[in-house]
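Heads up, the next two complexes both have chain A, just with different partners, chain B and then chain C.
Right, the complex of A and B next:
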């Protein structure tokens, strides 16, 4: 429309208006993206100041101080647990001996408990050795919790006052009572109780030392190495006492909490604990590990299957198979995720557990699995969802390899297999890699399947046990948002933390997308 | 004689064995995927059909499609095991003149799923109307008006990235913007816009493809006769592109109907005692929450235990939902095939 028609100005103006209208609609994609970023930030950004206040209160109210002692007792509890485990193993070993014996030389349950009497006595006195210290610490725990609650009340009052001031209600704002808290004075009784702690700690230590000097005879000889392991752990535990004491002595109530701790405690925090009487932690690491673990399992299954299916359909299948398999796989991508999740809950979880109970498979670590819903169940189902994405993109990539490449390879006498693996796949590698990345993006952003099937336990899987980590229940970033957002009040730190998780997820998805596009652009092979 | 016959016989070499073995592995991997999906289809199909269909006239479980979900009561009465829905149980107690009958209760396990079906249909209709309007408008700009400049590249980049945003993030966004900032609360309208923005990239891409498929000559002929750009688009481009746009957009419908995460906090409620059309004012219609099939499946599969009584409702709902979504996708595939034959230039 370079030449405006003199006689048709009006129509022309309408035309411009229409063009402008369509153009502004096209901008919508940018606007929506910007709005998503803006609103996730708007709701989530306040999280960091709140989290910082949370961390500061943790220190000021003395929770951190008492927390050191609580950790010490927690370590004793876990030692105690390993003793319990040892007892269970012993009685199991004795029972087994009984069933193995041809003649009834073995032991009845009563005899087993008599055989374990010395061990039980040892375990019981190990358990009770902590009593004095525990009593002291639980008393202090209550005290600091009270201080924390006071601090929380004060903050709420402050917030209310600010809100009223903003509304312009001066008189009402002044009526809100904000009590001052003297944290040093509040905590003074506990800090001055340090000698008490030291006394209890020394007594505790002495008890364990004397116990360790007289180890009980084990009812099952073969468990001796395990008991030695326990002894070693107990000695290491005792050796950590002076360090704990130094830590307590050195602890400063008014040491500043640097602002970046609010960010790092979110990004690298290993605990996501909410609604706890003690202290709420918002660390995204367990959720991130859960998401990545589930996605890794899904991709480990889906990538070989998807790529194989793409190769099969484009190179090996008969024309009839081609016509049937392609729409069928596209059909799979249409199955709603919540239906797949339901299938996992109703069928697959139980079937997988039955499968792992087979004797023939008992050599695999972690078998038989204890939880029906775990990362592996979710991973299997997500693999099925990722296969269509990977399949169709990989098939496109293989099909777009110029025909001449293949013909040249055959002309040189290469077999079909050689052509496939040395010509076609390397040539379409960039497409396949980006297909895998986009599949990863789809899997990590999937909500309903992981919410229903991943087990929803917020903990970093124990990778020290090797492969069996994949059979542990996990929680994911998408799952936690879907599960908890409906239950938290607006504007609380928990609410904002969920928005931060969403923001992280958003940027993760954008990053994966960007990477996939970059790879395609950069490594595209042209026929020239 | 013997040696001559063997000359043409196939002799398996190591290379041949390897080729066959690898081809076999690839084939079995492909079929593994197909079988795994068939397992899902068959399990839900067989178990769900038992709920949805009956062995006597009219062969369809009518109450399942015409009632609201309600609580199931299982109890023993005069030595017989009986199952009743909430209303029937109350009527039964009144008829027998007993105050209390000890019964096991299972939430959402009796009645039907009519409100969920209605809610899903409403969500799909509204969000697709919005998405089609916005999507086709942007596609017209992208394919007809735009020239290659930085803003256009930016728009394309944004569309591509929008397609990769996880659905739960759309849910969070809708919750923050529509439910919180605009104060629409949990409502049909909030759900419409959230879902519409989610499928926007799909609609834009498919509409642009359909517009590009209209031959350039159509436009040039119209422009040569003195039509303005808009007249050309209106009379010579859109009519030929509309069938293509609609068919590909059906895929968008399948996605809108199938997603749960975006409506979790923007539109869906677990239980509602009114149907969507029972509103006091007509404006209330847009600001009411609805029940939806995917959310109902989520609730019945996660919040109530798995046993023989709850199973019927679970599989029945999953069956109806899966059938609905797959029929929509099948329709899209078939229409696309027909269109390809019909429109050739």
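Right, the complex of A and C next:
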């Protein structure tokens, strides 16, 4: 008996090895995931200081100051647009009368032009009333842009020097020239130009006031309310002038920018503007709205389809139907998303637009739609991708309702429908809800389809237009990352902003999964 | 006991038969589960079905309210089941209506994940009855009949799943009698209960027979002896013997019955 425990030891070693093998695999997976998360955080976190610096420069270089005037001019431009819209409506109204031959009120195109002469004159002088102010502001715009460029150069130089110092090349670092910028002095000529602005503004105001006193006769009487709306808006615009002036007078170049603005301007910023000559804005709101809108459309379509299909397959279908439907729906999830996106671009978008041009549907708001690729097109396709997820999970939930519930219900004289609606669906509701949530997670993280089919216009859809907002093109969080990340230089604020968008998506998906799991867990307790 | 037992001679007709089974053959697909069952179940009595597992007693029970319809491959080969003279597999019979008249209590208590109140009135709800007073009355009456009222009257709107096993089973009985069936089928109602809960349910069965005809499937010989008036012994899908319970337990006519009851097999 040399070694009585020899066999046991060997056994022990194999056990250890197996334990080690599986354990290390699990560990590796966790480490990799943790590293990815850490990388996301590290790259994204830098965004906030950079964004703060961005906002500070905006103020220091005077962009904010000139921006107030630019907003004033922008408001005038939008009033101008509504005048042009009014002109179009008038000429359309006249054309319609022309086609109504019985009434003999018709007018030829030449007659229409003649009829609109007074209005055109009014619109033209309204348009030109801003010229003086515009000239002034555009001059100053160029000036502050120059200051901003200088600040940018200085920052780049500073960065370069820091980099060289880090590398240990002291001599080269000292050679980098960092110019000092006296922001106050740079901006002084513009600030001292305030009386000029005031003069131009007063003259501008006077012109509009005189114009408003002599409203042109409208060629189409029924558009009078619209014109009155315009007049009201124009008066409100004029009334805002003193406030603008006060704002300009009160503006301080060296007022500190609070740090939380770096966060809020990202989370609640309504503009995502990059590579602009003026100022870059990284506000995630338009992208978030786009993502949520597309996902909501997708769910509105996919939830009834997926849940009803699940109920049908688990309760009503014959065994043959079950064998056909289940694999078929699950097969949809095997289609690569780029193929679905391709289908959307090539087929669905155009077909949808043709459908909306159909006269019988013209009563629906927003029809006919103008854009082929919009939130609705993308939503339809995403619905297709969410159906398998929702279907499979909802079917599991319904199947996991104990058979005893069903039998008890039947034994009490319930019909199949009653058993379904009173027992099966209530009992599996939490499972169905979590299926829907996971479907939402699937949809909000989808990239290819929205990139191809959502229209990629970075703007918050105009929800004041009601339901037709769903037919507007949008851009999404996933789409913007895929589109822009390849083109931005490493480490710039734009690059970091994209990482922040990724992080936001990460948290969104995390929250949804957490919620879904919580619901399932609670359901399990209540059924046990 | 290897040879296939022969079928017993038809028992003598009973005065008031609630259920009459007429030479019934029953199949699951190709497998024959019941062979030529011929018996009559007396009204307002408790009839016990005993026999080893897989002998077909539960299958026969489920023929009485057509629960077997839910099994896709189940079919009746030959014979009839009549309840109060009506062939329940006849073309004009609606199984939904039938199940309102023939209630069932299952082996494992299965209250719905709803409140106690909603559990009891489920059968009425699906019939579209909404009168609050009527429903309240039914809940109280059914729970009193099921000897559960005093235990739950203060928590009618709590979940039925919060009750103990015995209480859950009595709740299921209350749910079955709320729709006022004529017959109650019980498929091993006490097999998952402890002795105290079992004796409560047995007392209940004894009380309920004044109002309902009860058929109970059981594995427990003592239970069959204690609470049934008539006992039928099945073996391998055949009815071996059916008689008054005292007779079956004291002086069975067939040797197989005696062997089973005395515990020689089963």
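We adopt the following convention: the second predicted complex is superposed on the first by the 502 of 528 C-alpha atoms of A that agree within 3 Å, B and C clash if a C-alpha of one lies under 4 Å from a C-alpha of the other, contacts with A are read in each partner's own complex, and residues count from 1 in each chain.
Basically, a contact is a pair of C-beta atoms (placed from the backbone, for glycine too) under 8 Å apart; a residue touches a chain by one contact, two chains touch by 3 or more.
Just so we're clear, the structure is a prediction, and the values are computed from it rather than from any experiment.
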item: Chain C versus chain B on the shared chain A, clash or fit after superposition; value: fit
item: Contacts of A:415 with chain B and chain C, given as first, second, both or neither; value: both
item: Contacts of A:405 with chain B and chain C, given as first, second, both or neither; value: second
item: Which of chain B and chain C A:311 touches, first, second, both or neither; value: first
item: First (chain B), second (chain C), both or neither touched by A:432; value: neither
item: Partner chain in contact with A:288 - chain B first, chain C second, else both or neither; value: neither
item: Most chain A residues touched (candidates chain B, chain C); value: B
item: Spatial angle chain C-chain A-chain B, Cα centroids [nearest 10 degrees]; value: 60
item: First (chain B), second (chain C), both or neither touched by A:343; value: first
item: Partner chain(s) touched by A:63 [first = chain B, second = chain C, both, neither]; value: neither
item: Smallest distance from any CA atom of chain C to any CA atom of chain B, in Å, after fitting; value: 6
item: Residues on chain A lying within both footprints (that of chain B and that of chain C); value: 415
item: Residues on chain A engaged by chain C in the complex (per definition of touch); value: 319, 402, 404-405, 407-415, 418, 422-423, 426-427, 526-527
item: Chain A-touching residues of chain C, taken from the complex the two chains share; value: 65, 67, 70, 72, 96-100, 103-104, 106, 108, 110-114, 122-123, 125-127, 159, 161, 172, 175-176, 179
item: In the complex with chain B, residue positions of chain A that touch it; value: 1, 8, 11-12, 14-15, 18-19, 21-23, 25-30, 32-33, 35-36, 39-40, 42-43, 304-306, 308-309, 311-313, 316-317, 325, 327-332, 334-343, 345-347, 384, 387, 391, 415-417, 438, 441, 444-448, 451-452, 478, 481-482, 485-486, 490, 498-499, 502, 505-506, 509-510, 512-514, 517
item: Chain A contact footprint on chain B (complex, rising order); value: 15, 18-19, 22-23, 25-27, 29-30, 32-34, 36-37, 40, 43-44, 134, 137-138, 140-142, 144-146, 151, 154-155, 158-173, 175-177, 180-181, 197, 200-201, 204, 228-230, 254, 257-261, 264-265, 294, 297-298, 301-302, 306, 311, 314-315, 318, 321-322, 325-326, 328-330, 333
